[in-house]
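Below is one structure, written out as structure tokens; the observations come after it.
Which chain is which? They are A, B, C and D, in the order written, and residues in each are numbered from 1.
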Amino acid sequence: MQLTLSEDQIDFQDMVARFLEASSPPTEVRRLMATESGYDPEVWRRLSSELGLTGIHIPETWGGSGFGPIELGIATEQMGRYLYCGPFFASSVMATYALLQMASDEAKTALLPGLAAGETLGCLVLDDLNDPVKVGSSLAADASGHLQGTAPLVVDANNADLMLVVARETGGLGLYLLDLLEIQDTPANGLRITPRQAIDETRKLCRVSFDHTPAVRIGDVTRQGLNRLWDHIIVALAHEMIGGAQRLFDSTIEYTRLRYQFGRPIGSFQGLKHRCADLLVQLEFARSVTFHAAACLDAGNEVAHEPAMAKAMASDLYMEVARTAIQLRGGIGFTWEDDTHLWFKRAKSAEVFMGSPHLHRERMMTMLEAIS
Amino acid sequence: MKDEDIRKELESWLDEHWSPDHSLVAWRSILVDAGWAATHWPTDFHGRGFTSQQAQLVQQVFANRNIVPAASSSPRGLAAETILAHGTDEQKARYLRPILTGEHAWCQLFSEPGSGSDLAGASTRAALRDGQWVINGQKVWNTSAHHADFGILLARTNFDLPKHQGLSYFLISMHQPGVEVRPLRQMNGHASFNEVFMTDAVVPAGDLLGGEGNGWAVAATTLSYERQSFRGSRRSAVNLDLPGRVYEEYAREQAIANEPYSWYPQREGRVDLVMSRARETGAIKDPAIRQEIARLLSMQQANGLTAAVAEAKRRSGSNEIVPSGSIGKLAASIIARQAAHVHTMIAGADAMAAGPDSAVDGMIAEVLLSVPAISIAGGTDEIQRNIIAERVLGMPKETRSDTGPFRDIKRNA
Amino acid sequence: MQLTLSEDQIDFQDMVARFLEASSPPTEVRRLMATESGYDPEVWRRLSSELGLTGIHIPETWGGSGFGPIELGIATEQMGRYLYCGPFFASSVMATYALLQMASDEAKTALLPGLAAGETLGCLVLDDLNDPVKVGSSLAADASGHLQGTAPLVVDANNADLMLVVARETGGLGLYLLDLLEIQDTPANGLRITPRQAIDETRKLCRVSFDHTPAVRIGDVTRQGLNRLWDHIIVALAHEMIGGAQRLFDSTIEYTRLRYQFGRPIGSFQGLKHRCADLLVQLEFARSVTFHAAACLDAGNEVAHEPAMAKAMASDLYMEVARTAIQLRGGIGFTWEDDTHLWFKRAKSAEVFMGSPHLHRERMMTMLEAIS
Amino acid sequence: MKDEDIRKELESWLDEHWSPDHSLVAWRSILVDAGWAATHWPTDFHGRGFTSQQAQLVQQVFANRNIVPAASSSPRGLAAETILAHGTDEQKARYLRPILTGEHAWCQLFSEPGSGSDLAGASTRAALRDGQWVINGQKVWNTSAHHADFGILLARTNFDLPKHQGLSYFLISMHQPGVEVRPLRQMNGHASFNEVFMTDAVVPAGDLLGGEGNGWAVAATTLSYERQSFRGSRRSAVNLDLPGRVYEEYAREQAIANEPYSWYPQREGRVDLVMSRARETGAIKDPAIRQEIARLLSMQQANGLTAAVAEAKRRSGSNEIVPSGSIGKLAASIIARQAAHVHTMIAGADAMAAGPDSAVDGMIAEVLLSVPAISIAGGTDEIQRNIIAERVLGMPKETRSDTGPFRDIKRNA
């Protein structure tokens, strides 16, 4: 199994980094997070068409580049590092993976090219963002494909052109499609998309509710399939967290070198040194496991504990780094003016997004028990 | 004087003079003139020389009868006590009375961006020019500076002396062109503090407090009063919802004084909400969360008991070394961190949301974005650990890197 | 409720400390732990008759001094501090509390005076030392009072004159008595007491098994009563742990003051300082809670979470202090020659004795849920 | 030389010379004479100047054919490599051959009771008297010193120079009246180490290695080889259960060499036993324990992956800074601690028992009493954290307190 990035992958990483370094500096992050849509369409266009990030993991048949979870992870890691503001995670990770893994070929053929090109924006509606087992508990579809119920947290629903919904149905779960451009014309469609205030303002959240809303069934959802989808999403998320954590860690170390108190750089105090050394171990651990989890998905391993493990470790690590990043900056680190809180809020939000660490540890144990 | 006599005298005086229809300043002026505004102060300066027990008794009577007391909000009180301890008679005569009547509000100008953990490293410059002090520099973390009439200011009058020796302590008017106050917004959205920029700001020679070069000693008095007020409640003991002009004006004053502290309970982690949240959400059934709740509640109860034991020992005059305020401060920080952890576990994905339509009207989100402050404000955890190790445990100090003339000490640009 | 020790209690504490300082120095601990019985009868005699420790918490009616859990805690705290080797915990804490709380008045009258005087030695046989809920799962009594089954871990059974056994019986649990002097004369009594090697050699362990062994039923055991007994025992144990932890902590701080590396005392390194400061907070916490738990028992509170809380906190604290005590001494702390390991082993053993920390946290939550 | 040529030559040589009926020393003498004992050494001294890849190929052939190699146990190997790097031709001629044949066993005499984390603070004294070095002092943590014929010794020849400059490196005979070796028992009951007391012990002038005052540089060579061998397996690749004199003697040698390390797997926490123990005891059903097992297995797998990634990068010649051995060492310590915690939770009260009739034949008890060593031996966690912070992260060093003449540096009595 692949252990390190290939030269091509490193080149790709550098390209994404350079692009985001230029297009997503903190000033832009602050500007965009205060807007309703939360992103810059021109940057999105370049990211999609020039860099091809939106289709990186989509097979060439459907307009993508045919790479896999490792390349997608490279992209989300850099997005986490630069706190890229835009619907990439909602559309290219969540919605695209849902289509890739669960939709009929017909639906894939119809929808994936638009997503690959970044010309349509998708979002994935799950009524529970904690645990795949709980999905379907408050959102249901009737036999005629009408949806009923509420999803309290949907990322970037406000920006979506199409909505993929996992809903309970007789005998299981199904994947449903709402074309939002089309449905606007349907009178009394029962769809409500309400923007919500988020801890992490760089990622837009909505509440989505359906009241006898007409939708099209485009795929079967098994519990195993849902788990697999979940695992693909959390590995991309773990990469994003590693990217953010690395950035905060580097800037914090730099800060301790430059900041003087009591006539010496604070980085020379052993208390801080030991804390940073412990963090580095955690960071290396979470990074190795996350890359490995992507490699496992890439290799097509059916049930693996690695994604859950990666999400749990990356979450704990990112929060710990974020906490330390504020703490070592002292009062200034707690101000709005300083950029640290932007990453802190992403860390806090990502910690609970798609399952808290303790929940993934429990999932991981269940899988490990099943193996041996 | 016996407690009972004090009580009797005060009660009958109040029977005669108290009325809710006074203006706030008028009522406090009556209080000051009669010597009931600050009874533990000396008789020469508005007081009666009472012991702190006697002064507490007086406060109790005010509270019991729901009578508005003299002004005493935090920076105001610190200024008054410090002026009382180090001021000239002229300074006391000029500044103390309007503090008690509430006519003058004060703020504290100690911290600087370059010396957060190291107050004595202040580099704001005060130079004597044409018989007055000219101040240049920047202060930060100044609660209520935008409402203040005066500030207590720590500034450096000599850069050639070692850092603790070149400081002086000033009383500065905030209403002058050289002083600019800017609000400082925090990551949790509140703006409880200010930055204060001083550009050729001016202090008359007579407003140097405690003599040139004695700034650190004078500041120590302020800081010791500040530490004492750490555990005290910030809420007024008086019911503000009563009719009468004095209550209305007092309520307005209190609202302004308390506004910067509205998020402080969240900063401490809102442990009080944990069990009800766990029940409502069903998280109480999750064994992994139960473990973390148990740890949290254990620490919380332990901290309360530890503080109560320390207090009991202090009162009994025990010689035993009582764990200092640093332990309580560090403990509060550990507890708040664990509380945030537990609130996060309980909320799960709901913790992504904030604002009025999120958990407990946004209170949980505010907890998550406020706890990082508790391990920094008023001395970081790292500073507290140093104090505990060196002063409580007697572990050896490190060699200092900040001796010699201040101008030669490496510091932030 | 009492918050601090009274002057009389402080005098009592000093007396116990002086006695153990003289009679239980590390050299004696090392000598005794290598013997089979593990204790010095003469020290036991003085501790019982001169200091009256064995009867401190027994009412005067039955030959004791009539004090309670606070005074017993003072005694066990000092025993933990000096690592006193002897059957005090087995006989005076475990067996005596079992009699006090569960035996008939007749049995109390017959047995407590001997225990109070330290002239007879008791032990308490519980077939599970993890959780009161599990007691009775492998030890049973038949209607004629014959015992069957095994208790894998019984403290000081090798030294006991009488054995108190909690056994399952039809409809519940009962307290049974075996007079070991008497039963020796019973042929084929089916009793086997097998000494076991213990991690903590200062506290003797046996396996005790019964095969149709005749015993006398001397009391009813309700689940609530057993919980209450358990709580009394763990509070005495928590005191013992606090005493041990304090001793190790003090000696470790002292060591860091005197030990030089790199031209400075190691206690001047900030990494060590911060660790010790954190430990002090934990120590103060565990101490306050433990004293408070004793005060709650003393006040007769029926169901209280404080004993479980105290045991959990004291266990975690003691292990953490013990670990640090070895770590800061470096290699020398890992040698047999150095005394630190004696306390470390007690810490490790006490951690799991009568329930591990996580189990007591779970118990504590159950009680807290019941309250509100 | 091509790999295939090396393999062919060696195979045909072995076909001709190998026999299990040799004595161990006789066989190794044949090996040395033919230049197959240490092929990466220079041709002048028993070697063939092979690259380390070529040398590995040779070892692989030995292993594949199950042929006993030259002696190479740890302290022996360190001595040989250091002598090779810094020795005179006379020293090489005298000492290298009997190391390879196994006739001479060696031990390492570096650590002292007074300088555990600070090897350069050694204060064992070496004084030149009547043309020979007279040694006085105490060493500690000397594995196998009781079986050793010679020791590599770090001692101070000048107390007036700064600490790193006054050290010299000696080859000392262990068979002399001035050298006393005492076993040192550990808290887990094993006695893997010794203390070595030197009282007027003698080293001939010709056995100073690398010149007077160069001890620290020479020791650095030893320590760098020691770090390289950290991750290597201690077990011989050869199956020892075969008939023949050379196998019998080799098995005996290996048993002695490995004896001090029998508890090392326990020191690392025996993570391999965790899942089976959790299943057997039913602890696998306890959600609080599952959380801790998950944490442990995550760290364990992460550490394996981190090491594999570092190795892959090293092999690919990447310029990226590869996390050093200190990270692996610190990680091992964290993992072992968590493993002990998990084993304790799983065992519950059974963890009170030890010895053959306790869990896994006493192995769990041995884990609990052995893990404290891993965060100390070979450099404490604190030292590793300093190294990581300063060398990997580039954080600034503290001002040193151990500069100037060694005799003036504060140290343990």
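Operating definition for what follows: a residue touches a chain if its C-beta (ideal position, glycine included) is under 8 Å from a C-beta of that chain, and two chains touch if they have at least 3 such contacts.
From a predicted model like this one, the values you see are computed outputs, not experimental measurements.
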{"item": "Centroid comparison with chain C (C-alpha atoms), farthest chain", "value": "A"}
{"item": "Counterpart interface for A-D, drawn from C-D, B-C or A-B and sharing over half of its contact pairs", "value": "B-C"}
{"item": "CA centroid of chain B to CA centroid of chain D, Å", "value": "58"}
{"item": "Centre-to-centre distance between chain C and chain B (centres being mean Cα positions), rounded to whole Å", "value": "46"}
{"item": "Junction residues of chain D, two or more chains touched", "value": "286-288, 291, 382, 385, 398-399, 401"}
{"item": "Sites on chain A at which at least two other chains make contact", "value": "264-265, 269-274, 358, 361-362"}
{"item": "Complex interface listing, chain C residues touching chain B", "value": "3-4, 253, 256-257, 264-265, 267-268, 270, 272-274, 276-278, 280-281, 284-289, 291-292, 309, 312-313, 358, 361-362, 364-365, 368-369, 372"}
{"item": "Residues of chain B touching chain A in the complex", "value": "111, 113-118, 121, 140-141, 184-187, 189, 286, 288-289, 337, 344-345, 347-358, 362, 365, 368-369, 372-373, 375-377, 380-382, 385, 400-403, 409-412"}
{"item": "Touching residues (chain side chain D, partner chain B) in the complex", "value": "286-288, 291, 398-399, 401"}
{"item": "Parts of chain B lying in touch with chain C, wherever the complex brings them together", "value": "275, 284, 287, 290-291, 293-295, 297-299, 301-303, 305-306, 308-309, 312-313, 316, 318, 323, 327, 330-331, 334, 382, 384-386, 388-390, 392-399"}
{"item": "Contacting residues of chain A [partner chain C, same complex]", "value": "269-271, 273-274"}
